[in-house]
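First chain written, first letter: the chains are A, B, C, D, E and F, and each begins at residue 1.
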């Protein structure tokens, strides 16, 4: 079966990200297809590759990147949510003439249409808010 | 009278930041001293100088920087909260060998002791959570 | 296979967080792809309360964007009559026409749509 | 002037957000400067419920850090008896000794401290 | 004397009830952000009956379109008046 | 058939009540994150009486120390079982 996941919460401040990660791992473990993980709202902060959590805590950004690498799943952040929250990739950094980029390259910046597309294409869209 | 302000909420996702800004402006307008604005929890995200909100919306990071410049108030972000959320200045970026920094230089990274100090030194500590 | 229909559920009041505004963005985007409807539950109904004056707060009055829903082909807009009553509101207090449903009909609405997104 | 006394109020349950953990960090820091007390209200009391097993969730069991409060000189630790009752809990279910106060005493506690920080 | 601040809607949160329970005669309450929905909530009268001084921020009321629903028992204030209240009431409890 | 998910504590939030009101016989409810405090909340029986299938995530129960308070009426599930429920129930309503 084809799954998609939407993540709306910030790492640490909300548990949404951790729950979604566990769920995503279970989806691929069960040999289902994970069509896309879409990060919206504060969920886009999961892509911040500057985070330095304490040594004894999970680095959620790293965990997502590792998950995507092994599962071949797509990590997409909403561009409007990302811009508002200062999560830029190299291209957006140039476009808006900012000083740096903080979005890990494993996360793709795209439009909100990718959330709708996930709902249309996947058999199941599961939200972690 | 000597005021201090604590901000616990992220810009946009929470109204805490906007309320605190209005309050801070009113404090200085009334000729009170604003000893410190301390950003804790998701409040540290107010210092993100990569944010690109839509043109018709307030840029809260810019607004804080402008406020600090005109009021000579100190903007302090908690280091532990900031590290966990990937809000690094140039020094922390070097220390943790990260690729970039996203904390505006108008925000000072310091310890949580500065929140306690604000409560001790100021006549009033007002929290926006 | 027929196109899936989306139901967007707004549950948060305006201005206290960006939730409602980003939820509305999702509705507008969805309407470009497929049939969409909006359901206002709980404090979500306050997003379309008339006469929001956001100047002094320096917030954005995105409630007016709801007026564009019809142009986007979004004509099914619902709320819960009980939630209106609890807030001493009637549909006349709202900036756009909304069908107020009894509680029992809300669950049936969930059945009519294929994807439910809550904000 | 005597040193100001701080009251830290924990209101959120553990693991659902970082609030409790960052609140506890603030208590520990505060204790290095001045006299501090902790009050658990509402779901905050769940932060010190015994036997939290966080391995499967891959979350951090910071509840054990509360055991260090005495070493930091924080000996005044309170909760609301009504909030315990509502959750069918008693102080025996908690990992550290806590004074359960009747509702009427909580407001007096606010009077005893000079700065109140809520998490 | 305590200055209670409430920034969440009483329709979705128990702050208003907690505040009423843990307040004393003469305390002040300031409603801000989503807290201003308390002005149209049936439990508002509990605070009035408890002899609290009840205030609400005008900018938040206007932004939410509640300006036609403000009861006389609540004083509408500006941010400068909020600051002045913080001067009068030495301690804040943020609910 | 709907899969309701509740991730907030019923002691601080009305999700449990909303879910009960807007559910139908045969729907499933999954408690996760702070939602698992529903297992020790007096309103849990409303869902059981409404003939809903009630589940709760084990990892969240253990992390909160609620493993000794689980009523028989609630089935404790792993993440893989949560995924399996999503297969069985075609639509999610996140409260």
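In this text, contacts are C-beta pairs under 8 Å (C-beta built on N, C-alpha and C of every residue); 3 or more make two chains touch, one makes a residue touch a chain.
Please read all numbers here as calculations on a predicted model, not as lab measurements.
Chains that touch both subunit D and subunit E: B, F.
Traced through touching neighbours, the fewest hops from subunit A to subunit E number 2. Interface of subunit A with subunit B: the two copies contact each other largely through the same residue positions, with over half of all numbers used appearing on both sides.
With respect to subunit F, maximal separation of chain centres occurs for B (centres as means of Cα atoms).
The distance from the centre of subunit A to the centre of subunit B, each centre being the mean of the chain's C-alpha atoms, comes to 26 Å. Rounded to a whole number, the gap between the C-alpha centres of subunit A and subunit C is 26 angstrom. Within subunit F, the positions touching two or more other chains are listed as 7, 12, 14, 33-34, 59, 92, 94.
For subunit C, residues that reach two or more other chains under the stated contact definition are 15-16, 18-19, 42, 57, 59, 114-115, 118.
For subunit B, residues touching at least two other chains, in rising order: 12-13, 15, 22, 41, 57, 80, 84, 125, 127, 129. Pairwise, the chains that touch each other are A-B, A-C, A-D, A-F, B-C, B-D, B-E, C-E, C-F, D-E, D-F, E-F.
If you check the complex, the residues on subunit B that touch subunit A are 10-13, 41-42, 45, 48-54, 57, 61, 80, 83-88, 92-93, 96, 98-102.
Here subunit C touches subunit B in the complex through residues 15-19, 57-60, going by the rule given at the top.
Chain contact summary for the complex, subunit B toward subunit E: residues 1, 3, 15-16, 19, 22-23, 25-27, 29-30, 32, 123-129. The residues of subunit F lying in touch with subunit D in their complex are 7-9, 11-12, 33-34, 37, 40, 58-60, 62-69. Here subunit C touches subunit A in the complex through residues 3-4, 6, 18-19, 22, 25-26, 29-30, 32-34, 114-115, 117-118, going by the rule given at the top.
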